[in-house]
Amino acid sequence: MTIAIINPNASHFMTKQMQASCSNLALQNETLWFECEKSPASIEGHSDGIYAAYHLLEKVRQLENSATPPKAYVIACFDDTGLDAAREITASPVIGIGEAAMHAASFISQNFLVMTTLQRSVGILERNLDHYGLRVRCAGVAASGLPVLSLDADEKSYDIVKQAAHKMLQAKKADALVLGCGGMSHWVDALQQDLGLPVLDGVRIAISFADSFIGLKLSTSKVLGYAWPEAKTS
Amino acid sequence: MTIAIINPNASHFMTKQMQASCSNLALQNETLWFECEKSPASIEGHSDGIYAAYHLLEKVRQLENSATPPKAYVIACFDDTGLDAAREITASPVIGIGEAAMHAASFISQNFLVMTTLQRSVGILERNLDHYGLRVRCAGVAASGLPVLSLDADEKSYDIVKQAAHKMLQAKKADALVLGCGGMSHWVDALQQDLGLPVLDGVRIAISFADSFIGLKLSTSKVLGYAWPEAKTS
Amino acid sequence: MTIAIINPNASHFMTKQMQASCSNLALQNETLWFECEKSPASIEGHSDGIYAAYHLLEKVRQLENSATPPKAYVIACFDDTGLDAAREITASPVIGIGEAAMHAASFISQNFLVMTTLQRSVGILERNLDHYGLRVRCAGVAASGLPVLSLDADEKSYDIVKQAAHKMLQAKKADALVLGCGGMSHWVDALQQDLGLPVLDGVRIAISFADSFIGLKLSTSKVLGYAWPEAKTS
Amino acid sequence: MTIAIINPNASHFMTKQMQASCSNLALQNETLWFECEKSPASIEGHSDGIYAAYHLLEKVRQLENSATPPKAYVIACFDDTGLDAAREITASPVIGIGEAAMHAASFISQNFLVMTTLQRSVGILERNLDHYGLRVRCAGVAASGLPVLSLDADEKSYDIVKQAAHKMLQAKKADALVLGCGGMSHWVDALQQDLGLPVLDGVRIAISFADSFIGLKLSTSKVLGYAWPEAKTS
Amino acid sequence: MTIAIINPNASHFMTKQMQASCSNLALQNETLWFECEKSPASIEGHSDGIYAAYHLLEKVRQLENSATPPKAYVIACFDDTGLDAAREITASPVIGIGEAAMHAASFISQNFLVMTTLQRSVGILERNLDHYGLRVRCAGVAASGLPVLSLDADEKSYDIVKQAAHKMLQAKKADALVLGCGGMSHWVDALQQDLGLPVLDGVRIAISFADSFIGLKLSTSKVLGYAWPEAKTS
Amino acid sequence: MTIAIINPNASHFMTKQMQASCSNLALQNETLWFECEKSPASIEGHSDGIYAAYHLLEKVRQLENSATPPKAYVIACFDDTGLDAAREITASPVIGIGEAAMHAASFISQNFLVMTTLQRSVGILERNLDHYGLRVRCAGVAASGLPVLSLDADEKSYDIVKQAAHKMLQAKKADALVLGCGGMSHWVDALQQDLGLPVLDGVRIAISFADSFIGLKLSTSKVLGYAWPEAKTS
């Protein structure tokens, strides 16, 4: 039984990085990673999101039509790109890394901070928080100002993010930090040690939740909001 | 100066019908109608929405690159498909027919009812209402159960919608009716007469607002949330 | 066909100023301006508001009883003084300049800032925002500290407002500015140029929307909340 | 030391009735009752409210300028007509009967129902609930359909209200009833007995709270939102 | 007839202090003070709260079974510890000092600030505000950083609290101060004088409200949410 | 490594039943079940909740002081009794079955219905929903009217619950059912089959999440809201 993890953007480097940071997860199901080569190289804003969602849906459709469709899906972009649409075209559970991290934070903190990349993503994440209902548990969404594709492992980027997080955690009186981009997942342990409070990486959490949902036999509701798409009979 | 009206679905019939019901609008700018041939025939649910938004963005991009880009855009689907994304790729104002009708209703009623087609669209419209902030002025979103493509001019469909609207208006104590699908725009006068309260058709309203915005020289903010898409420099 | 624009306060200077800043609006209907001589000279707080609303209602009643009642009304105070009450005593649409500007801002920005005059008006505007539902789209309401009647054209006042706006736009990460008083309408172009984002003046917008509503044949609902006043039969 | 109780409408009968139903209240301060002869005979809707608020303010001003200004004010209309404006023009506490009843209900129930007169008042009371924050504790605002001036003591009116209340209490699973009009205050004991749960009459509660506030030396804040009106220096 | 005032923590000193600061209240009913010797010495956080609520319930049960059960209860901890549970086991009104102060503040201010002791209590008070609905009227909950048991009468503590309050009142543009701990009740007059706006002490207010509720014959609803506990018949 | 599952009520039968329904869960950690013998036999209302929370805290304290403290805790009452308090006295994650089920439902449905036992619990669960933020995803909380201790396996109880659920699912247009009491956990498969949509049992989900959190090394934040209890130094 497989969990399909789909990176909806086209950055092969980011896929590799997320994969690496998940290598030590003990799971009961196998994982397979997928990319969307025709998507934008990173998802920064609404229009990137629509393009990526389009290609993500194509990937899900293709996997659903394969000989052994996945038992669960993970969407590996913190914006949860195309999440609701994907749930329409499969009965398997679909978990976004953004929602996974933010729901998980609700179990271990009272007031979590989300640290994203660019300011333009803040509104998108706030809208997601409203849709999930989690705004009441969120101290705020802050942007480091670093674009997604500059979040590589060099120390300078790390320091910028760490200091921005430290400052906002104090200002907002937050008690946990949620990493607002899959491209930061390799920093989770270092940040947790440096900041002295729980740091949550949605990639690992979403995969673990997908594993859990398979074990619990929980699948997406196929009535009303996530029903299979309508046949068009004009 | 032109207002580009884009039907994000592929139904030529619906485009024609909306065009007809707008023929008597007195405007200060010219209108041009466009369709998205590769889109789904109708937009019923999240995945239809992603596909349609993708093709809508392509159309907007193409128009922006034309010799005489439009001075304003109208997205002629009540779900306001791709609205935020379109605002990123143009500086001209972009008006969705859903938001136009619901904002307009706030000026002439206290508690408007939205009548949509299928139950699966209710959640999408409620999420839009939350995003626009207008949930507090909305008595509810109700579904007639009639699919978009069956909303043609025959009397039986009209009666189903009229009776569903009448029943919900009473139950929810609403004082205005918003037509929740461009495909109902030809019924606006008949419903207004039969129901005895204001009936709002987003298509006409969005076009009139676009005309107004051009006159007021109001254009989309290009800082922060609707800034031009990022150049990708990985 | 006429749009009646009523300044609910007694400042003739402010009426003239607003009138001047609207002189270049291209409309399909005629406009007529009215003042309320017995009202307070400016509306700063709740009790000014009640007095002004009283005189505004008298003006509307008088116009309704005239030979050619207006086809639409604009209330030219950003507090939208007496708005709901006026809608009870006419079937013509009634548009407040506050609601017009804030609704319009929702179409071209994600997070608008309102700049008002005195701190005491902030709570009144926030309550309006809650009533309209638009708080979710508003980055905040800020006060420049300048009283209404000192908002004349001298450069010093302009600089105070510009700098207060600039500071708050940055702090609140807002992407548009709504001018929170009709007395600032002559600054709209200068501020837009100086601040580099859309600046919205409710006076012009409300008049343009009134023009649009007449064209759309949208009138106030006369059932339930805005029904004609009750006959008293004690 | 006096509590001034002002009926903002012109119905002498209603004043007398409220006065009678408060005759057995044990207070530490004297009460004096006032009427607004030029107000509408009853307050049903927004425009009645503006006219009544105007005359109420005149009455408060007159009392403030008297030899022995009251130590507290009660506004004896459930809409809390002119409440915020009155608080600007006196430093004494001002208590509305609507807010008093609804706040009091929060101390003894989880989910109170408000029973008002006409449907047109429902939106006004809901807006007050939002302003006070008490919507979360309110099961709903229901209208009996009986106009204010027909709420006299005859048995038929009583039965209509009792049955409407009973039906809504069941439907909304409410655990207390708030009488949404001063004109019902004489029914409080009978309804409490017939319905088997707490029934709250704002008139008595507001007067008792005013008495309490005087004893506690609590007076209206005169900074920011309720500061004394501005001197106009145009 | 008696009002039972129960301090749910074990600090005898604090009971004495609150008692002293209430000595000059003119009431129509007698007061009796009680302590919970087995409770934590102060209530700082969730687990202190559960322990204290347990012992408070025991005290209420004991009083209910006494020869002359109280006519009203006051819970003298600003967290309103055990408030809903206490209302299940008596029909007499139960008033928490936190809710009393915050509701009272709604009658005399637009935007009150709560000053509590430790940061860990902020979330608890915010949750109470949400439950009461009063978050909309609250400018914020701030912590002085002083633990409950250090709030004795020395001048240094007073200065810390006064300065923290002054700073937050300015920052949050609040127009009244609510003292967020019974242990500050002796400072109410000094703070009011030093800060120049209303300062509210829940202890006195809750007792006065309890007195008022007895006079109004308002008692806790015994249907639905506050019904008597279920008999267990397993 | 162990997951401690604590039933905060005293019903041994219910513990056995929940244990049985979890027997087939594949986990990576061991589970140990505990009961609170001095607690009420079932938790129905606020005062039951306080008593049960008290004994639950004692159990957690005892386990924390044991030679091998658990790596995670599950609180097996749908009210999430004592949840926040327990999080203060351990650094291990603590998962309530109510929150687990309702968060999980957010991943597979848009609008879940909660079916609880008695009407008195509805307010408690709604308050939890507000605290978790999940009210926006919840179609409503309905009560079957069956007390907790009558939820044994007989067919009549099952039919009552099934029919109540069916009726409410239709009325509220919900797309998933959350079982609002640990005592219903043995019905999950039957109900899922009979109702045709996902049915969620918090007991299994909370245990699986606890297992997942251990694997993810996610533990409770020990700064601010869930910090270790204060040492009392009076």
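Order of writing sets the labels: A, B, C, D, E and F. Residues in every chain begin at 1.
Quick note on the criterion: a residue touches a chain if its C-beta (ideal position, glycine included) is under 8 Å from a C-beta of that chain, and two chains touch if they have at least 3 such contacts.
No experiment lies behind these values; they were computed from the predicted model shown.
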From the options C-D, A-E or B-C, the pair that copies E-F, where over half of the contact pairs coincide: C-D
Pair of chains joined by more contacts [C-beta pairs], D-F or C-D: C-D
Most distant chain from subunit E, judged by the mean position of its C-alpha atoms: B
Between subunit E and subunit B, distance of the C-alpha-averaged centres to the nearest whole Å: 51
Computed distance of Cα centres, subunit E from subunit C, in Å: 43
Rounded Å distance, subunit D centre to subunit E centre (Cα mean): 26
Contacts with 2+ other chains: residues of subunit F: 87, 110-111, 119, 122-123, 130-131, 136, 173, 224-225
Touch relationships between chains, expressed as pairs: A-B, A-C, A-E, A-F, B-C, B-D, B-F, C-D, C-E, D-E, D-F, E-F
Residue numbers on subunit C that touch subunit E, as the complex places them: 119, 122-123, 130
Contact set on subunit F toward subunit E in their complex: 11, 13, 40-42, 44-51, 53-54, 57, 82, 84-89, 118-120, 122-123, 127, 130-131, 147, 149, 224-225, 227, 229-230, 232-234
Residue ranges of subunit D in contact with subunit E within the complex: 25-26, 28, 87, 93-95, 99, 103-104, 106-111, 130-137, 173-176, 196-198, 200, 204-205, 208-209, 211-213, 215-216, 218-226
Contact footprint of subunit D on subunit B as seen in their complex: 110-111, 136, 173
